[in-house]
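Notes follow once the structure below has been shown.
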Amino acid sequence: MKKIFRTTKRLISKIGLPPGTPVYMGEREREKIKISVIDYDPQNVTQKEISQIKECCSYQDKETVTWINIDGIHEAEVIKHIGKDFNLHPLTMEDIMNPGQRPKVEQFDHYIFIVLKMLSYEEEEKKVTEEQVSLILGKNYVLSFQEKEGDVFNPVRERIHHDLGRIRKSGSDYLAYSLTDVVVDHYFLILEKLGDKVEHLEESLTGGQDDKMLQQIHSLKREMILLRRSVWPLREMINSLERLESSLIQKETLRFFRDVYDHTIQVIDTIETYRDMIFSLHDTYLSTISNRMNEVMKVLTIIATIFIPLTFIAGIYGMNFELMPELKWPFGYFAVLGVMALVALVMVIYFKKKKWL
Amino acid sequence: MKKIFRTTKRLISKIGLPPGTPVYMGEREREKIKISVIDYDPQNVTQKEISQIKECCSYQDKETVTWINIDGIHEAEVIKHIGKDFNLHPLTMEDIMNPGQRPKVEQFDHYIFIVLKMLSYEEEEKKVTEEQVSLILGKNYVLSFQEKEGDVFNPVRERIHHDLGRIRKSGSDYLAYSLTDVVVDHYFLILEKLGDKVEHLEESLTGGQDDKMLQQIHSLKREMILLRRSVWPLREMINSLERLESSLIQKETLRFFRDVYDHTIQVIDTIETYRDMIFSLHDTYLSTISNRMNEVMKVLTIIATIFIPLTFIAGIYGMNFELMPELKWPFGYFAVLGVMALVALVMVIYFKKKKWL
Amino acid sequence: MKKIFRTTKRLISKIGLPPGTPVYMGEREREKIKISVIDYDPQNVTQKEISQIKECCSYQDKETVTWINIDGIHEAEVIKHIGKDFNLHPLTMEDIMNPGQRPKVEQFDHYIFIVLKMLSYEEEEKKVTEEQVSLILGKNYVLSFQEKEGDVFNPVRERIHHDLGRIRKSGSDYLAYSLTDVVVDHYFLILEKLGDKVEHLEESLTGGQDDKMLQQIHSLKREMILLRRSVWPLREMINSLERLESSLIQKETLRFFRDVYDHTIQVIDTIETYRDMIFSLHDTYLSTISNRMNEVMKVLTIIATIFIPLTFIAGIYGMNFELMPELKWPFGYFAVLGVMALVALVMVIYFKKKKWL
Amino acid sequence: MKKIFRTTKRLISKIGLPPGTPVYMGEREREKIKISVIDYDPQNVTQKEISQIKECCSYQDKETVTWINIDGIHEAEVIKHIGKDFNLHPLTMEDIMNPGQRPKVEQFDHYIFIVLKMLSYEEEEKKVTEEQVSLILGKNYVLSFQEKEGDVFNPVRERIHHDLGRIRKSGSDYLAYSLTDVVVDHYFLILEKLGDKVEHLEESLTGGQDDKMLQQIHSLKREMILLRRSVWPLREMINSLERLESSLIQKETLRFFRDVYDHTIQVIDTIETYRDMIFSLHDTYLSTISNRMNEVMKVLTIIATIFIPLTFIAGIYGMNFELMPELKWPFGYFAVLGVMALVALVMVIYFKKKKWL
Amino acid sequence: MKKIFRTTKRLISKIGLPPGTPVYMGEREREKIKISVIDYDPQNVTQKEISQIKECCSYQDKETVTWINIDGIHEAEVIKHIGKDFNLHPLTMEDIMNPGQRPKVEQFDHYIFIVLKMLSYEEEEKKVTEEQVSLILGKNYVLSFQEKEGDVFNPVRERIHHDLGRIRKSGSDYLAYSLTDVVVDHYFLILEKLGDKVEHLEESLTGGQDDKMLQQIHSLKREMILLRRSVWPLREMINSLERLESSLIQKETLRFFRDVYDHTIQVIDTIETYRDMIFSLHDTYLSTISNRMNEVMKVLTIIATIFIPLTFIAGIYGMNFELMPELKWPFGYFAVLGVMALVALVMVIYFKKKKWL
């Protein structure tokens, strides 16, 4: 449940503060914020770690494309400083520091603010965790904020360094697209994990080992509910990004964002498909339980219905009345055994006719 | 159920009256209406309680921003007087006094009328209550009407007094935003309470103590139904506020209202997520019951199916026929015991094969 | 079911007739049609019953506002005559006489045609009935048609006679609004009745007396289905009334229609809320039944599982074999009693562990 | 299932043919195609059967309104000939001959093509069948194609012959409307049949005779599913007909099409209402079964729980131990009977407390 | 499950690569790519297999319509070469090679890119498989890419060769339409298979042989879920194709695409209808199980309730008390038999009254 409450609890602690106050609302990280800068044009690339925040500012007006990546968002001072340098709106700064945002796009005079959710599957806990990634797309720079250090953007760094594809030849908008694309592509990893679980459940259902099945269906449903909650706003966000008529995004790059949009649609389609499957699975599981109950009841009924009347007959001749003529008959015992066999036979025929046997 | 009927009953008492008649339709409060005025510009702040209603009027044309807060809406005379002073439309006055409104925004020639619902969680009764807050946003004044005295607006008062954020430097539109923001932020408190309940139920489900679980699921569903009913119109309202092309709201302030809108979307998302979770929980709960029933039935069936045939065999040799050869056999008794053991064994093997044991 | 079929059956009897033929399709009323006229301007009011239909016509061109109310729509001749006098479209006349219309608004060259559904709760039969109210809004007259005589419009008459509110000072559009408003406000009476029933069911559910509960839930669901069917088109209708750009409705009056719209939204909200509640109630009811079944099964299983093995043991020692060593043991009887107690104890401990006891 | 497959199978046989090939895809009818022509203006009417297809063509350019009705669509040659004479698009000809179309409207340069579904209820088989009716609305002619001879258009013929309503005074657009109206009005007949069935089921539910109820609910659901499938596209179709800005349909006639639209909305409303009712009925039926099961279980449990312990006690004193002191007691028998009565009493009190009795 | 994962797994392998890299992501096929060219104008047709990829290019600027069909998309080099020759966008090339696309349409400067899904039913495995078909519609050429060699386009080839319909007289847009039409028409084959299965299940339900029914319903639901996932985007795609204002598609051809759109709507309608039917079927199936359980329980209850009390009576007189007066009565035995018959009779009457017999 942690994930849902993050949003709530953080926002509560904000009630009463003037809006636009940048206060970090995630769980406090102990490591220092790490700032790395990659500056490139078609000819050159330079990458370095920055210790003095002031250095950031100098990149703002360079002709080259500058990507400043900030890992860690817990030090209000640092964020504030960067916000001042790059002239960010107070609400933007507040949103960067509050990891409980929905994915969204906001257009400001001189920059576009993009909030993304990055999902990752934690193998140990077997559950999905989410991290907020904020991007500031300016004229020739991109700021990216991550909650904690991670290697998700490495493929993009590789492409810049080895000049793969068109990234070095394109502007900051293409860089922002590349970062968005990498984040969205990570959703497919989550989908694969979930797909495996659904497949596993499907097999359990037909295989018949359903010890923990109900629990698994329930927890899968919950994961799906939370995943949908992350993905739908992502779709809206990328859609509104496409419709944004901003000079910061070139027409050619829009086509690439359209491609990302297609991917989010695919993610949503797959989630909806899984969802439908899990619901169908639960229904089938319920029917299976009912069927088994039916089978159990039939066994009980057959046994009880055959033997209860027989036991009654035996009971009659176990009575101790002084005058019971049958008891004296020489073949009374065998006659009774015969009657019992007949009764049992009738019952069995009856059950055969009812198709219970 | 109280909350739903408030709307209905009050409106019934209105049938037949000419529309626009300001009649108080809430439960009658005994305390006197309390009017407090805060008047500020970037340099100065003055705050005072007002006893004579006439005094209100004088603030209307001052250059400074004036915030008149009215606690209590049950005295038709007072509301009528204020309405006349500030030239309010009869329907506005009627709506202010009738707490059964949906959240909405209405644009009039010289003011914007905003109706909000404030939710609070009553610890003793463990349920959510709602209160209507009406705002009148004029050129350089804001009127706020609350059903009863409360401290919800205190953070805003603090900010004005201590000149925090941009509130003192901004106009009446920013004040209206601040009040709306405070009300919406209170929804997160409610969500946290509900989240705790959902979490608690999730744990009960796996833990297995489900004495009152059904009751709790049902009451949680009801709270969710009522909460949705409050929140959806809030969203529409803030959305239509954004689209209002009014000279009373400056472009810069619109961005802040957009921020409030994002918050309401988050509230709705969370409610929908909780809702889905509760439904999934109920389904799982039902399956759990079915599973248990199945288990109970199996125990019964196993016991009955093993012992009923055995009892029948014992019954046979309890019959009192004179001629029953087996009774005379020296090892008849032990032979029968052996047969019984065999029958029991066959049954147990059968159940093992069926995986009931 | 009557209500649903009204529409169907009436329209069937029309198949084959040229469209626009005014044929009365309701159940034939025996009373004569009653026509009453109220004619007013800010200074004067005159009210009278009309016997000669021709008199109606004379009011059409007067400067004053004229409200002609026709109770009863079963005499084709009368309706035809009025239709001719006021130059109504044949389809309008047909719709007035056919009470199976959906609420709708139609704009014609010189008048606006409004169809409303009036709901009332019949105490004896404990069910909701509906009546069609048609309004013709002309330049300075309003025609209102009711299926049968009723007192629903009395509050409006009062307001005209006693010059309450702005009705006397306003035109025919305000009069049409007042009549619509009165009809819509009656929906809240129905909602109150339904709310009482829902509340009653909620209490029954926790109280536990559920003799007729299922029947009540089912009939409440049906009433809700029928009510929704009436109210949704009402909403569309008032919405399209608002968007009508007609010179017959002044801008100021539109605000009042907006108020009626808000009321219909409130009605719909409440119906949807009730609906959700009843579905939640039904689900909970079903779970309750399952729970009880479970409890019943447990009792049966506990009793049977404890006593069936004991009975079997007793059966063994009731056998009449000549050689049964135990029978001769001096404490055989007490030993067997002891074994039985032990078996019972083991079973009880087993059930305690399973939490069935 | 026949009805669903018609579409599918026919289209399959078409795969591979160039689009626009008029191939009859319905079940082959044996009768000859029958062509009848009605030609009228306000003064005159002439009606005749046509044997030579060429004759059709001559009517195309006459000033009078001509209605050519073709019963039977299975002879490709005839349809092709007509299509050539009236200059129809190949796709139109293909659609006319393929009865698996959805209701739709298509605008061509010189005509409007309308596809309708006519539903009729076959009394013998107790199910709904559908037939395709295609209309070609030209400048002063209407072509109507029916799958087989029928009397559905007779009321329109009557109106033309007896000059009822405005049909003789109006153009071909009004004739097309009249034919559409007649087809839509037939839906109400189907609704009445379905309504009767729903009503019958409602009564069965409370009456309690539910032998074939489940089967009936299921088949009613299926009919509703198929009906919805026919009606929703009809609505879209008439809606798009209204929005068609074609010189072939006069503004005055549009109002009549609006009336047909209102009727389709009513049909849809009624279907949705029935649908909701059947689902509610099914839910209630399921609850009823659960309730009965509960009752059955209670009876079993009460009987078993009272008598199993008693039988056990009797079993104890039926044991043949030599030393059983109670057997010798003078009032042992009566004491045991007393104990049994007591046990039974306790059980009964317990069940009373549990409200099972 | 294979089908769902295709998308996911392939896209995962792409993470980290610069977008627009054409990497084949389907399962690697062993056969060589096969390229065939048909070049035609109203007078002439030439068809040949191409071995040298360079030859393709020459057709690009010819006046005649050229259709280049590529079977197999696994050789990046070949696709890359063709892409270069025809000046395709890198994203287009990537999409052609990645079979996990959703059906879509993308407009580029000098061509339109269409992605389709072809469904086929594999008789052996009894399941639906899907294949991606990509079309490039240029000024006077069409490129078509299939995952593997197939005969689906043969009917179009036939039509070109034998000059059937308008295909030889029309441009490349009509050719693209013909290919799309053939693919969409194949959906009806799938629908027929599914329809047969639904029909078969319907019959099983009433017939009563439901051994594997639950499994079949579940697998049918899954197929339906996957089918819907393929078809809905197809609809959007063809819809957006219609709205594309491209000089590459002539107005006359748009009407034919409209016809394809109508077919996809029919496919969707049928799928939704089947879906509703399967859900209704599952519900009915569940009710049937409940009904049978009820019947089983009744049999058990009747037998147990009649015989358990009788056995108890027999048990009483099987007790060995020394003083049991009844045992000595001359007609005690027969009296007890009489009492037993009476008890049984009462029970039977009770069950008759309850309508359980």
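Every chain is named by a letter (A, B, C, D and E) in the order it is written, and numbering of its residues begins at 1.
One rule holds in what follows: contacts are C-beta pairs under 8 Å (C-beta built on N, C-alpha and C of every residue); 3 or more make two chains touch, one makes a residue touch a chain.
Everything numeric here is computed off the predicted structure, so don't read it as measured data.
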Least step count from subunit D to subunit E, where 1 means the two chains touch: 1
Hey, how far is the Cα centre of subunit B from the one of subunit D, in Å? 41
Could you give the separation in Å between the centres of subunit A and subunit E, each centre being the mean of its C-alpha atoms? 26
Hunt down the residues of subunit C that sit against at least two other chains at once, touch-wise. 286, 290, 293, 297, 300, 304, 308, 311, 315, 318-320, 324
Classify the chain contact graph as line, ring, star, complete or other. ring
Note: ring order subunit A -> subunit B -> ... comes to A, B, C, D, E
Which residues of subunit D touch subunit C once you look at their complex with the stated criterion? 154-155, 158-159, 164-167, 177-178, 181-182, 185-186, 188-189, 191-192, 195, 198-199, 202, 205-206, 255-256, 258-259, 262-263, 265-266, 269-270, 272-274, 276-277, 280-281, 283-284, 286-288, 290-291, 293-294, 297-298, 300-301, 304-305, 308-309, 311-312, 315-316, 318-324, 355-356
So, in the complex, the side of subunit E touching subunit A is made of residues 1, 4-5, 7-9, 11-12, 14-21, 89, 91, 100-102, 104, 106, 208, 214-215, 217-218, 221-222, 225-226, 229, 233, 282, 285-286, 289-290, 292-293, 296-297, 299-300, 303-304, 307-308, 310-311, 314-315, 317-320, 324, 326-328, 330-333, 336-337
